[in-house]
């Protein structure tokens, strides 16, 4: 929900967002909504021509848009060269101060039920909610919020102004940077999945590394990040990880890379900077992906990617009846290729053109 | 485990289930089991002809079955036109009162270690277990059970007779309907994954919507449901969600739809009513699926589905040696198609039949 | 992090690992690292010829390796026929006593904030951390560690020397064997996903079974294991399950099988012994996989596997532009096959060889 008690004049909104505006500076704005649903006291934004007719009909108090669209807007405007970024910044102005306010109501500062080891260091203006457990030698820097029922393991540190939602678990020796946002259910620093096979028995390899997470990292609900086997698992500055993502031991993720929900990165793989890994992608172990790679939804990355670009796997969706026929043929593609090759050879023998010369072997792509 | 202290006479069982029966009404039934494993004091059921020989040999106290199968059953019967539904109802009669009983033993009503904000509203006959945190302005309606170490965020509400298992986290502004069942590890209301790109930096978009969940919804262990960006994420009445499912922001799921384990629904997509989404399915963002659609296991839904029916993707399983050959050919399918087209053209030139006329272009399916 | 206070002489290390060595028995070893990063007081290991040049240049205090590689090592050696297993064993010697030490610092034995039902049985030398909830009739055997904020449901038991990390939830009637390791966020014993359809309504089937887990089982962070519908879900001795894995009701997993991250096993399926299920694999319901099967990453197992071996599905990764063309052809494979068949038939009519006789029907693989 939006905090409807937060309202701004159009003029002060323009100031806060660093934008110019057209319209009455006293117009009151008390919320944010889409073009079609905004009421007369709500701000909206226009960044995609799909919504052009919504723009023409909007009743919003004001609209954030690019200067060239201003003429088509029936209401006051805030001008931005990147209206979507301006919308992102505006959204922060209408956000309730959720956890802070909550904790203040239950208990200021550190809740009486929190268990905090005497050797832990707690910075100024830190809020620690009910039933939080802070183990020995932990350092929580100033301005952090630790949500209810979270556990911060021995020797871990949380950088300043980080927000840890309720029910988060940090194992020992996890270093989280500044302004981190860790959602509920996240587990960081659990053992990497490492065993050495002794006959049929799996002998556990102790995971002696930690996890090192940069600044401005957000990690979505229920995601898991394993500690390294010998060295640290490393998540770069500005990385954004969605819900239910698994990051295995020794993985390294470059700055500002985005990983969407339910993706899995297997052990010792490295992902470059500014990559976009869509949802439900699987990345196998011991591979390297360079900077600026996009992988589309549900693809399996089964080899290293050495050139930036966009990559995919899968078959796309079909009607199941057709699909059942097609997968039979998929499993016989090698045979089908041989059949075509055989005809091509005979075709050539029949005196047909050189066109067939180079295409006889499907393996030479 | 079943509660073996719960036993019923055949006659009272028939009454409770609204069924007719054949056999001694005093026969004592004290548990539920499969046809082959049921002992002489246990109830069983028959709904699938695969188990016909088990039916003929069963030693059960009684069997729920359809009238036309009664003649083949060697033991007393309970007659139902839908024996599987009757079994479902019977199963509830042998269930231990798990959480209620547990809480009663530890502490009646509200456990002394629970942190409940003074502004929260707690209905009658509510059970709140150890270390539960209930934030400001929360409303828990009558008959609810809140399991140990769960957190209910500011302003959220839980409809009457809902069961929240231990270690569940509801963020602020989550509205759960009546008779909801939320399993451990579930997180509802975490931020949607929304960023606006400013150069390489990802600017966070505050997620100002909430989550609205209908009545009779069950959500499996470890699943995550994000709050909406501007409006609510909406889960319809009677929806059943299995374990480790991810529902992104602004998703809308129609009534009675079933989503199996490890599936992911990306942002702003809409799923109709009475759909069945099998396990590990990926549904991309901003698409629409109509009512009564089935998607088979591990399919990628990469476009909207506008007609009811069953849909699939993937290749089916192969021996890995064959598979490695076939995926090479998959990645050359466009070339293979061109090779076939070329032969078809020459074939036609050789004076061959019109059959080749319409099949030359694989793109015109 | 490694516990750098733990150091051993080369001679005592050889004793502890049961290995012979070459070098000064007094050499002090105080940590474990890769060949290339090991400093002069750290142990390393060599088991893969990929790292041969690292071996030749290593500065490690000593290297675990096989006797035939000893001549190429510039530093003292520990000789093992299986150096990787010896490394696994050595890694345990440098592990900090994380949870034990932590609990000792906060509170010896049972933390004052733990809620333990009077009917629970707690063995000797058990450590129970803050906010743990132990319900009625639970049995925790000697030597167990139960991490902060974990919940152990009514009637469950935890075998001796098991380690349950913080924020774990065991429902009632879960039996965990000895030396189990359960990572944070794990949920065991949640309801199986079982409904009987009554018109459009889904009638819940009470899940009356439990979960039975053998000895020496490790379960990774955030994984979920459902209780059985009528009988138990069964996880065999020595099974290792990675993070975010879903095990549905009535599944049976054989001894020493390994299941990697984000895989899902649907209801009532059986996996044999000594199998390796790679990451993000989906296994549908009601199938059987025999012993010693390997399934590669992100495969869909959509049928039973009756012979040991390695199995795969999927298409492998492509450049997205090519991929888009290829998936069109995938969805027309049945048509392509018909086109090839048609040509083959005409080819034969043209007086071409018998080779075409048997290949006309792609369905006869």
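Which chain is which? They are A, B and C, in the order written, and residues in each are numbered from 1.
In this section, contacts are C-beta pairs under 8 Å (C-beta built on N, C-alpha and C of every residue); 3 or more make two chains touch, one makes a residue touch a chain.
Here the structure is a predicted model, which means the values were calculated and not measured.
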{"item": "Chain-level touch network, classified as line, ring, star, complete or other", "value": "complete"}
{"item": "Residue-number overlap at the chain A/chain C interface, same or different (half cut)", "value": "different"}
{"item": "Chain A and chain C, separation of their C-alpha mean positions in angstrom", "value": "25"}
{"item": "Residue numbers of chain C (touch at least two other chains)", "value": "113, 131, 149, 167, 185, 222, 244, 262, 280, 314-316, 318, 328, 330-333, 336, 340, 343, 350"}
{"item": "List of chain B residues in touch with chain C within their complex", "value": "1-2, 32-34, 37, 82, 84-85, 87-89, 91-92, 94-96, 98, 101-102, 105-106, 111, 113, 129-131, 147-149, 165-167, 181, 183-185, 218, 220-222, 238, 240, 242-244, 255-256, 258, 260-262, 273-274, 278-280, 297-298, 314-321, 323-324, 327-328, 330-334, 336-337, 340, 343-344, 347, 350, 352-353, 355-356, 359, 362-363, 365"}
{"item": "Chain A contact footprint on chain B (complex, rising order)", "value": "113, 115, 117, 119, 131, 133, 135-136, 149, 151, 153-155, 167, 169, 171-173, 185, 187, 190-191, 193-198, 200-206, 208-210, 222-224, 226, 229-231, 244, 246, 248, 262, 264, 266, 280, 282, 284, 294, 296, 299-303, 305, 309-316, 318, 322, 325-326, 328-333, 335-336, 338-340, 342-343, 346, 350"}
